[in-house]
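In the part that follows, the structures are each spelled out as structure tokens.
Presented sequentially are two complexes of chain A, the first with chain B as partner and the second with chain C.
And then the complex of A and B:
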């Protein structure tokens, strides 16, 4: 079984190396990249199957036990994320064959795509805080280059903001990792969960320091996840690169931040949920409102979508923030509702992982045909591309949360959990945000699809249209496949909810996670409970 | 820099530096050295050509495209870890074969670790040269 856990990391790495060796043959790279993504879907599905049948799986690299060795752990949440990321990666790879120009391809677009997947899958699987940092850096480096590949002015401008803010966040992350190691003597996540419990019991005077550490991690992950006051890099950079890159960024970069936050704030930092998770909940609420209002003020296709991500991140954080109620209530209903809230986060992350990239992919087709992303200069797409219009509508309505599409169920679960826990303010904000989301989506729909194309639009130019339509199928098919996934996601909401509930249950009860990790027998920190402290 | 002294010296220094870098690479398992430091030193030899002659000469000396070299090195390092996986051990587990040497009591142990180190050597060599060439061509 051990090769299955490591395969989502190994596969992109080996293929990226092979593509580097074939540096002069971008066309070969395309097909290798596609084959690799399809294989990654297989690995993700296999891992998901094994984890759902046999429980949490773990692996110690080179056989050194925790907390010394490098730990990889796959639980339900991480295997779901890998599977979803791989499916989306496959779609984007097909899309890239038309969308990414030759000059970008020949500068290593496909190897970078796989290195990005390596970082993302590694971050989902790692069971060690320092390795999480390393995989974050791999992901960020790959995304820096993907963002600047092509070297257009807007790309550089976005990249500078993106790089600066993310480097600051990495610095905070690394500092927090150092302090955490100083406090607990370990960086293994399972061991950390034990140590935090030990500190809470034996050295309660150190708990405030732990809360400060939690806030440092919150800031570090918050920048990556585009949490409310730290999101400025996102609207500044997502619209700049080619739409295929925007799509893969929208799907993966912020999700890794949210994933890490969910992992840390259920497994490790659970000593003072009344403070830490309250802050998350408040920031989630501000994020929803701020993002959706920011999006309403934009007038360009991809800028609207990018700003919207900020409000969607708010929903994902809401489920994590709802854990705050465990500080005040300890009854059966509260526990169930908290579990449901976390399940809502998981459903929302997966839903958003398909819907938002699909909207970016649609925007790529619109930009290719219409020649621009400015809503004022677009129009007539419902008439000329009815299929595309329908696929946009499915994704957009799902984003806004219209039943029976995936977004509705994601929000429904979150709102239900919020109501059961009596958090009426955040529920109200969530519902209001859904309404405003619909406004933005309708704005795009009305401007780009419903109205007639303006007089000077390149749509009227036959030569331009012939060029734009060349290879367009490879852009349309992935969009159609994802649209089908979104519809299926809504239809099979019941089974998906059950899986998400199980994944949330695993996260809220860390003992299974800790038991799955193979500890070294003479671990210095494991027996610390018996000593009296210095 | 077209200095006659430098150019003449490079011709004699080059093989020595390359040999020494390989020496460092091979002794790195139990003693100071290894792929990283060996790769840095190997890159110095080629960087000297870039300074004394031109970047083009240096590239010709290397014969391989830098990206390919980097990819090959990374591939080698990764695959050295896969050997353990194939043998049923966790990823990156070390595996070795013992080759008896006539006239010596101890056999020579060829471990996967060596291939990992060679991979690191190539990656470091390629990356360093990539940076040096980019700066020299400015």
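And then the complex of A and C:
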């Protein structure tokens, strides 16, 4: 039994149960939650170490071989994601100790945080489509409650949109899972990869149906990933909960959608990349433009950040969409460029997983001191909080893609891959979006940090300031740590690029993934007749 | 049988989507319920309606013999029903709280967080 693979799922589950037992002791829950997140970082780091040394790891629960048992697979991409998610989770837990009020803490905030991590880590590790659905639902339930915890009117309105759109996406996902099972007779991802190849060889007339199925999964994951044009729940809900919750949402929820999309559209749906991946590429381009223009029209700190996520998702999808070129070119250069594009997606996902939450964390400090998130009523933070201003600047410039910060390298790799593949339109959109991102970030900088505080701002009130400064260190330290990570990410871009290239290589060549899963020796076709099995 | 189920599923989807496009919170949640039930029936039908026999393995055999029903889709549906039950229960409470704090069940009035 390979406990290391299961540990990122077991640990949050056990700790969440313990914290639920300690319902009346929120202070204990805090420290258990923090210890759990640190342990999760350990699990993630261990898993990443093992996977990078010994290749893809897998585990069959209960000892039944695939496709019968429950499969968990950890490849480089999933272990990187778990490590990054755990680091971010630790930072947010420390931040929450000040940012989350007692009334929210005493209604199970920390157990929910761990349940969210359970769903996220499970989705990263699972090797089974139906389990992916279950982990999605766990993650969604935890996020529903985190979003509504506190019960303010804005939270309720945001939650109605978030819940409804996500439930529709779940229903589409479930229907797609059912049809997929009907077509292939399996839900194990490694087995599905085999079955799709088998269908392409033996029953080419079923391939269009498979493409339709791929589109159903694209819509289901697209809603979760806030892909254009399915992103409307995101700007409506992300700014409603406390900033700590916004930060963890921005870090993890959309990433799980992008991760699943990357997994499905490299492992399973590769039968017609000319159609499916072209659609992803086009939607990525629209998403970039649409998100950045939407953000430019906003005048509130967190609303700008939330809308920006839509355009950043576009970048992440761009790397997946670039696989479309494999339909037209089959030479070595194209393969290398496609691998580089996918590596760009991985780098971008990790970069965004730190940068965007950090901006939300900064917005939390600004809202705590300034009393509001509206840019018109803010000001003077460069004078009063120079360190915070610098940390904001690091994150904001990284988001816009200024060298040598992490965002520059992520965009550089994607743009380079796009140029090598001759996709000049998407490259142009990506560069233009970077410029417009800078505009929005400068707008926040100018309004909140550079100008003087307005006359009626609460920062002139000594009592308010004393209250706001109480415990502020626990909000500042996590921001500083993430800012350091962002800078280091930029400095060590070379080694990170190598790891991302290796991870992308693993994804583009599914044979390693399939080989890592232990199959049952005899695979009865369950009465489907011999002609449907490979 | 497949034809009847296909029509039923299509009708459920149509009804669910129609209800969700109304402006009323209660109709929205009924639409969500219908949508998830349609998905469950779709799994059941898409996986194939072959035989009413239970997939029991006779003594001394390794596999069930003869025609038998595939148990996996039913297990999937059971799981989906349980998850759907929890989600819908939460949604009901959420919508009730939302109705109390916003003071209306008209979705067009809930524009405060839109951008």
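In the analysis below, the second predicted complex is superposed on the first by the 523 of 534 C-alpha atoms of A that agree within 3 Å, B and C clash if a C-alpha of one lies under 4 Å from a C-alpha of the other, contacts with A are read in each partner's own complex, and residues count from 1 in each chain.
What we mean here is this: a contact is a pair of C-beta atoms (placed from the backbone, for glycine too) under 8 Å apart; a residue touches a chain by one contact, two chains touch by 3 or more.
Keep in mind it's a predicted model, so treat the numbers as computed, not measured.
Trainee: Which holds for A:59: it touches chain B only (first), chain C only (second), both, or neither?
Mentor: It touches chain B, and chain C stays clear.
Trainee: Is A:102 in contact with chain B, with chain C, with both, or with neither (first, second, both, neither)?
Mentor: Neither: A:102 stays clear of chain B and chain C.
Trainee: For A:159, select first, second, both or neither according to whether it touches chain B, chain C, the two together, or no partner.
Mentor: In the superposition, A:159 contacts chain C only.
Trainee: Which chain makes contact with more of the residues of chain A, chain B or else chain C?
Mentor: The partner that reaches more residues of chain A in the superposed model: C.
Trainee: Following superposition on chain A, which residues of chain A contact chain B and also contact chain C?
Mentor: Shared contact residues on chain A (touching chain B in one complex, chain C in the other): none at all.
Trainee: For chain A, which residues are in contact with chain B within the complex?
Mentor: So the residues of chain A touching chain B come out as 2-3, 6, 10, 13-14, 16-24, 59-63, 108, 111.
Trainee: Could you pull out which chain B residues touch chain A in their complex?
Mentor: Touch residues, chain B against chain A: 65, 67-68, 70-72, 74-75, 78-79, 82, 84-85, 89-94.
Trainee: Which of the residues in chain C come into contact with chain A in the complex?
Mentor: Touch residues, chain C against chain A: 20, 25, 28, 32, 35-36, 38-40, 42-44, 46-48, 50-51, 63-64, 67-68, 70, 72-73, 76, 79-80, 83, 86-87, 90-91, 94-95, 97-98, 101-102, 107, 110, 112-115.
Trainee: In the complex, go through chain A and note every residue touching chain C.
Mentor: Checking each residue of chain A against chain C gives 130, 133-134, 137, 140-141, 144-145, 148, 151-154, 156-161, 163-164, 167-168, 170-172, 174-175, 177-179, 181-183, 235-237, 239-240, 294, 297-298, 303, 307, 524, 526-528.
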